[in-house]
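The next block holds one structure in the form of structure tokens; read it before the comments.
Going by the order they are written in, the chains are A, B and C; count residues from 1 in each one.
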Amino acid sequence: MRFTLALATLGRHRGRTVLAILGVAVASAMLLDMVMLSSGLRASFRDLLLSRGFQLRLSPKGTLPFDTDATIGGAAAMVSTLRALPDVVAVSPVLGGQLHIPREHGVITGFALGVEPRVQGDYELLSGHDPRRPDEMVANDDLLRAAGARPGDTLTAAAGYDAQLRALAGTRRLVITGRARFLYLSAGQPAAALPLSTLQNMRGADATDAVSLIMVRLRDDAIVEAARRRIQSALPRVEVNSTSEAMARVDQRLSYFRQLSFILGAVSLVVGFLLVTTLVTVSVNERLGEIAVMRAIGVSRVHVVEQVVLESGAIVLGGAVLGLALGLVTARYLNSILSSFPGLPAAIDFFLFQPRAVWAALGLLALCGVAASVYPAWRAAVHPVAGALREEAVA
Amino acid sequence: MTALVLIALLQFTTPPRTIAVDARLAAAAGLRVGDRVVVAAQPGAAGDTVVVGAILARRADPSEVTRNAYDVRMHLDQLQSLIRYGDRVDRFAVATRDSSATRVALRAINDAAFGFQAWPSREIAAQTSETFRVVSRFHRAIGVITIVASAIFLLCILLLKVEERRRDVAALRLIGLSRSTVLRSVVLEAAVVSVLGSALGVLIGWGASGLVNAYYQAFYDTPLRFSIITTGIVLFAVTLSLVLGLAAGALAALRLVRTPPLTLLGR
Amino acid sequence: MSALLATERVHREYRVGEERVRAVRGITLEVASGEHVALVGPSGCGKSSLLNLLGGIDHPTAGRVLFRGADVALMRDRALTRFRLLHIGFVFQRFYLMPALTAAENIALPMAEAGMPARERRARAMELLRYVGLDGRARHRPSQLSGGEQQRVAIARALANAPDVVLADEPTGELDARTGADIIALFQRLNADGTALVLVTHDEQLARAARRVVHMRDGVIVTSDDGR
């Protein structure tokens, strides 16, 4: 009966109800987006870091992986030391650099990764096979497209290019053995992976026995922190970061977005609260006589409050459902803007849809809606019955 | 022998060269002007002894905001020697008399030299500020969403408030006031509410902007201003809320004056 | 007949701006089970205020209001509301039906509050609609009913939980003479079926239909004649 009365009352003022639902929808869309933003980046980044199972990353002291051009010297000995540790399952050394490919129309420059293919964690093979021999490489579609090449083709590639003298340095002929998707590179960046020793040789003296990054996979997630401390004390001239530390560093750099999401989320809640409070207040003020009659015929105060809260609940529910759809659309749009950050891995999403986040947002909104309507409803329920009837008669 | 002694004397008597460090590095390392430090190209390698000649204040440069790197300024030849760069530089910066001189210089450099390219500083700035352009686009999108949301809220609330006056409107019509008089008075009320609300909103926005700047300047240790309220922004916000407020008031008032007064009273 | 509803030296005062209005001044009145009483008097004499006190929707400033001997004024809100729901039926001059509900739903509203299951509610609502001669109007909303029809629905609503007494405040005040006569007939039938009635009215015909007419002026009972 109360549900019937609530819906019927809302139906009496369709225009007002529709506008209110729209208002709540916009507030809930914004709230949902901000909840997704606050947790999405972290979750997305964490998933990316752990996608290949490497829990620790070693980089030059004071830097994050590939933050600078600095390298770690004496890499071979370091990798042997790490592989000898009982908790270590796999060690993947990586050297970064540039690859210059001269073509008829000019020189194409891409990103080069020197890896050990059997333990690498930087790319996913889409077709063909890993570079098993020193003169082989895999490339992504962006590089293949730019170079006008296909798997099976042989290209001349260089690790250095003097633009002033137009001279290539560290040249080698490499066979493309496969197509790959590079996990940590930004969208549209041409890239190739070749054997570590090949890239070291191509880069010359400054890269002899040097790597940019060493990734370590441990046998158990529970021992990550202990292993990190052990390795850090054994190798003081490198920075050893666990996944959680890497995330903490990224958190710090992108803390602006978390704060923004908190502020905008809070503003959405406040505005939604104000909207529902205003709507309910006006609605009950208009119906004080009706409410007085309900009280006169024996409807209890609690049931009057329930009735009013049901009405606002219906608006909030309708707005939340619409807001969910709207929020997903706007999140996609906002994500497309932020994903164009230069240098951001293509796999990273700022707005990640997580069911938990949706429930959290809807729960907050429902709570807000109820809280916003309880006070005006209660005030109407305790309004003196005879006085209200008299005012109605006079009016 | 004499030459060796002279060289040794020269090294002993030549004062170390100076460097400038940024304020963050000075704070982190506890450096003051006059302190002697050793700078080297690799950790643990032998380097040059230098004196801190100046401490540089943080600039209001957006690109420095999230960077945690420390900046050191050295004499060019000393740095070239230290990192074994030889007679090389990464770039030249050229100052010209005026914009026409810039164009002439650009053409001359690009025609004459080979292997490197000259760019106007403006274009370099545009290319390197892609990060901020992304952030700007994001802010703009959020701004548009916020404006749409605010517009809906404004319409909703003003419609409600005018509807609340239905009995007053009915009474005024019953005692003989014309529709246009009643309409004007309701729209005037909506306008007053919009004006007062806008003024309050501008004050709140100005306060919030100050808070945002104070917080982020402290958080990122930068003099950069993150939020700026311009006359244009104020005019836009006030105009929009006035227009919306008047539109909402007029719409609701029109509905009321067109409804027969007795119907408004529920008869 | 034993007193069903009674007041003992009951007063009601309230403030209107700066002025203190003494609407009811020390009235003692008894209504027996099955009795039909009309309260008449000039405007502002306190009839409606007395009715509100009898129905428990207003509190006396002094004195007692008794229902089967129990002091209504001492009841807390929940008990008082329950009392109104189960023992009192209200009929107002302006009908006060819920505009968003149909005739049947308006009648079912007090039954729902009393916890009656939905099927029983529907059946009883139809029964009451038949009783008041409106069984063909169950699905109509108040805006689709005439004044007389709305008042009948209001009477049916007042009978929803089979109250001991129906209190009606100017029930024919908004109706024309012919429609008013129909309502009067309905009230007489109600009373004949055993429901006590207390009516406030200016309508002489309605007053004449009552077994006892109580005349009020300036908050006091002037005469009370039972026409016998």
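Heads up, the rule we're going with is that a contact is a pair of C-beta atoms (placed from the backbone, for glycine too) under 8 Å apart; a residue touches a chain by one contact, two chains touch by 3 or more.
Remember, predicted model here, so these are calculated numbers, not experimental data.
**Student:** Answer with line, ring, star, complete or other to describe the graph linking chains that touch.
**Tutor:** line
**Student:** Based on mean C-alpha positions, which chain is nearest the centroid of every protein C-alpha shown?
**Tutor:** A
**Student:** Quick one: chain A and chain B, Cα centre-to-centre, how many Å?
**Tutor:** Between these chains, centre-to-centre, one finds 24 Å.
**Student:** Would you kindly tell me how far, in whole Å, the mean C-alpha position of chain C lies from that of chain B?
**Tutor:** 70
**Student:** Centroid from C-alpha atoms only, then distance chain A to chain C, rounded to Å. What do you get?
**Tutor:** The separation of the two C-alpha centroids amounts to 66 Å.
**Student:** Hunt down the residues of chain B that sit against at least two other chains at once, touch-wise.
**Tutor:** none
**Student:** Using the touch definition from the top, list the residues of chain C that touch chain A in their complex.
**Tutor:** For chain C paired with chain A, touching residues are 49, 52, 55, 57-58, 77-78, 81-82, 84-86, 88-90, 92-94, 96, 98-101, 105, 108-110, 112-114, 118, 121, 157-158, 161.
**Student:** State the interface residues of chain A toward chain B in the complex, per the touch definition above.
**Tutor:** That would be residues 13, 15-16, 19-20, 22-23, 26-27, 30, 61, 162-166, 237, 253, 255-256, 260, 264, 268, 271, 274-275, 278-279, 282, 285-286, 330, 333-334, 337-338, 340-342, 395 of chain A.
**Student:** State the interface residues of chain B toward chain A in the complex, per the touch definition above.
**Tutor:** Touch residues, chain B against chain A: 43-44, 66, 114-116, 130-131, 134, 137-138, 141-142, 145-146, 148-150, 152-153, 155-157, 159-161, 163-164, 167, 216, 219, 265.
**Student:** Residues of chain A touching chain C in their complex?
**Tutor:** Those in contact with chain C are residues 1-2, 4-5, 8-9, 11-12, 289-290, 293-301, 303, 384-386, 389, 392-393.
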